[in-house]
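Okay, structure first, notes after.
We just call them A, B, C, D, E and F in the order they show up, numbering each chain from 1.
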């Protein structure tokens, strides 16, 4: 498989931990290729995804600092830059200002590929809210008339990463990404999130499962290792290519 | 864009002309890469797609010979092998024997990529019938226990080419294939079908239209020519890849 | 509303009674306009839709004669011709011969409009089987190369009439047909089917319900009577028109 | 085809040019029938659809004036009234005030038919925003209790016009409108938009393509000219009619 | 059938009358089982669903009082508590404050089952707005970090009740609820809404219709009465159970 | 949870092993409740699902005997009766005779619940073929006029069990069945299929995953064990019930 550079990878994530469970493999692959990778966390997941810390009696600021530290460690493990917009969660509110901040990120970082949440998730309204803002900002950033620094963006492809209950979120994978070469880095990034120990194995098993599916869809798969690890993605826009394969 | 070999390309077509209008670009690209390309025509389209010849009073055998000759010329222009199964059209009947013949084609040709019709087409029942048989045979050919010569097939990806009225056939393109480098060969292949002169321009315009869409979906598309020509495809199985792009 | 002639109306029905409950209004409207109307019953519904007769101990031939007589009376009430193909029900088998008979009906009757069942019905497999054959035969009849008497058919629009459990059959009405002027004839046609007395009121209530919906979708509906009666249909192909309304 | 009056036609458009490319045929047909036609442009498309003017260094007000002038000229060519709400684009914001302004337009203009954008468009968020507001305002205007001048609106049918990449916007045409008699006026209206010369041919070719489809769906189409031009629409609510055709 | 207690039933309704037509049976069944039942009306339906009162010249406050009185009587008939949030209708605005009020209702009432509107309704934007808020608040109430009194909510199942034009709202029933034992109470509750006399029979007929469908889907239905009455619901989340039946 | 009897459980399976991986939990629960459980295997999976045996050079009859023995052992472990129709696989052919045999099974066994495959599976055409026959035969068995011994069947609910690649088969779970109490029996049944050792853990992990989802959808789930095991199902017909829960 190709190891040519693709260009900058941008991940727009509702909460601090999402990018680890769902997209760490894609991020680590980009970093290994030498492509810049950046994670934008719209919130720390301080209210909706920090149940253990609340049960332990921690305060809001303490929880935000905790989640921030974990996410920074995970991003460092993967070789990615990370930025926190601290927009609040549960609910994550869609505002013109937050969309504008994302436009500025697009214009500055000039991603060649964008990852974000699914547009449907009946278990977590913040995820689709993040996805809608990520997609709206991407379109705005393409317009020369939009008033923000930088050049108009190209039209980077967008991939949606896997939610916790994929079928209930209308998540039908279009792409199975082979993350075998970087799975150990993904595992280490997951281990930066100690409050969710049970998730480490859960997402390791998921990677195996998607890996089995990858092998079943991979034509003559002679070169694949016995245990292929994979992440699943949905592609939002048509693939453009010079080769059908 | 890559010009590495992908492997053999198999096109399963209901009638003699389908592969020209809908997939000539993909075929010519394969041939230019040095990949073997083969077209299997299940019928000549003698009853359902030869209106002019019938109106001119030609007989059945004459029409079949005519369609065969045209298709052979078009395939030669594109650099593809062509085989006719002469199973009859309008209706093209799904039979175990015809599926078995396709299994044998798969086992012998060992395609790395398969192209066929859409699974829905309210204007032409032969098209989905061909697609169902192409897909069933592909699965059967993968089973070691299926009694036919050759090795079990891998799991080549399948792409559905564009029908005449795409929206009515639930055709939502997943892939826009840049055929600019080989468009002249596609045009020449179309010109091998003189009974349908009005289609030459019609499908040239369609290629332009899909080309405009390709550019709109192609990120920073600096390298694309002013007039990009494209063909649209639907991908049946998830893409397997080592790179998100 | 227009009372201009539209052209011949063909109804393809799996069983003897279907056309009465589901399309009698459309048939009576055609007859009132002076358009020829013809019902083709693929079977008498002798096995699957004659429970009462079986419980009364009647024999197969007796039941078929009974159903035939009722259907003839209902068709006469509506002003339609009726033909029985006696192909058997439960299951109604899709065969090339039966499709060919339908092609010949199309070529001879030259319908301007076609009505048939929905393509999905998890409660009754005969209904989608009839619809598939009606649609396949319509396409075949359009081909000059198809070997049957008569001229190639035009492309008459196809409407699917309402099944018993519409939502479970993916029946989302595209057309609400005002049958108020002929509802009494529909009622009388229903009363030709005495074995299903409870259905008379059931389908009268349904016509009221669809009538209420018609009024809610009918713009400034000043001219509509207090109790509008309607039938619902799904349109298979795009409407072609010179006026958006 | 009928040339009877239908009633006032209202077009709700996100940007200044949309109504020309997508609905000029329907507008010109209405005007030729003597029906009032009105276009409401929510914005001038000054930021998102004026790339050339921005590249030429023009200022915001200048661009708005330019777009306004072009749109006025095109509307005049088609025989339609035009109103600009100047609500801003990229993004077009959904606000209660803007919806209220649309309610007042409905109450005053009393449309019998409404045209607007599709409800999905992953390439342009302003289009679905305009459609949502157009549809919400239409429902509000029907309520006698809504506090705005005029009588409660009837329930005019709504048609969605064709987006640039129809399949990606889930645009499956329900209606193919024959615009052959007014195509020259559509062409002239397009020529009022000189910044997008390449679009003139693009949308002329699209009209031909939709015209070919119209002929394929138009039953015995003896009366249609060799080159039929058409526009495609999606119907939001069920058609109500006294005649199935 | 079981008469074991299930737990508190919460109904979130856009307007004052919705819960009567659409969910009175479920409410009465809960009350008969001894389960607490509570209806939250986000508005009185004073603008959008009180046409007769407006035509009679009543004022806004008078109409609100009228609707409130009717709804209280109906709730009392059914054995349910009722609360009015008076958030206004046509349009019902989605605001953070209103969602927060619903979170507090969830935290306090601790429902075991939730009923609300469908998420699509092209005839009435208030219905989906209510449903979105009901669903968002339910998710927020589950988060320990959400700042509202009470314990984090469990994950009560959500059922969507039947809209007026079910097919147009993508309402495909997942559950047919047998309300025969309490139908008389539903009828009496409907009769508490004298402004809509025609609806009493309309929804009685609907209950019969859904009852007929219930019998057709109810396996060996020996125990069911001749005239079974039913309400239809869509289930939002997967059913969790220890028994497949 | 209820341990009341439900009635006989019928499982219609394309190949010999399918019922173990996909439905063993439901079968064991039925057996524990004292409900009769019966598995009908349409084929042994001798060609399509016995790759290892073919690679080891075994012959067709030997493989069939092997698969039969394994399936019998697994069924015995679960407490179910098993019958083999030996109709052949890869492809499993849909024939009137095979459907008729299934009708006779329905009439004789009188199931209260039916389990079978999904209706879509692009990886294995035998699965949908089995499902279509299971569903067609169920409908035919309900007709008093169908000529087979026994009484007309009621309308038992049908559940589709989980395919290997659920999202690609449009499998969106409607029901999560708690199989924790019988998971050990499912594990033992899986261990009766020694040729597929890697599947034992694969389906154990899947049961954990579906168990996690069950807990997330199970309201106040206080009573659930730390590690809940579950199977997922799609429900074909609406649930009929006297209690919303």
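We take it that contacts are C-beta pairs under 8 Å (C-beta built on N, C-alpha and C of every residue); 3 or more make two chains touch, one makes a residue touch a chain.
Quantities reported herein were computed from a predicted structural model and do not represent experimental measurements.
Colleague: Shared touching chains for chain A and chain B?
Modeller: Common contact partners of chain A and chain B, which must touch each of the two, are D, F.
Colleague: Tell me the rotation angle, 0 to 180 degrees, that brings the C-alpha atoms of chain A onto chain F, to the nearest 5.
Modeller: Rotating chain A by 180 degrees superposes it on chain F.
Colleague: If you list every residue number at the chain B and chain D contact, are more than half found on both copies (same) or fewer than half (different)?
Modeller: Here the answer is same, because the shared fraction of interface numbers exceeds one half.
Colleague: Averaging each chain's C-alpha atoms to get its centre, pick out the one most distant from chain D.
Modeller: F
Colleague: Among the chains here, which has the CA centroid at the largest distance from chain A's centroid?
Modeller: The most remote chain is C.
Colleague: Using mean C-alpha positions as chain centres, tell me how far chain A is from chain E in Å, no decimals.
Modeller: Chain A and chain E have C-alpha centres separated by 38 Å.
Colleague: Centroid of chain B to centroid of chain E, CA atoms only: how many Å?
Modeller: Inter-chain centre distance comes to 52 Å.
Colleague: Among the residues of chain B, which are close enough to touch at least two other chains?
Modeller: 123, 168, 173, 213, 216, 237-238
Colleague: If each chain is a node and each touching pair an edge, is that a line, ring, star, complete or other?
Modeller: Shape of the chain contacts: other, as it matches none of the listed patterns.
Colleague: Between which chains does touch occur?
Modeller: Pairs of chains that touch one another: A-B, A-D, A-E, A-F, B-C, B-D, B-F, C-D, C-E, C-F, D-E, E-F.
Colleague: Within their complex, state which residues of chain D touch chain C.
Modeller: Per the stated touch rule, the residues are 1-4, 6-7, 9, 26, 29-30, 33, 112-113, 115, 154-157, 159, 173-178, 181, 213-214, 216-221, 232-233, 235, 237-245.
Colleague: Where on chain B is chain C touching in the complex?
Modeller: So the residues of chain B touching chain C come out as 46-48, 50-51, 54-55, 60, 63, 90-91, 93, 122-125, 168.
Colleague: Taking the touch rule as given, give the residues of chain E at its contact with chain C in the complex, in rising order.
Modeller: Residues of chain E touching chain C: 123, 164-168, 170-173, 202, 205-206, 208-209, 212-213, 216.
Colleague: For the complex, which residues does chain E have touching chain A?
Modeller: Its residues touching chain A are 96, 99, 135-136, 139-140, 143-147, 152, 236-238.
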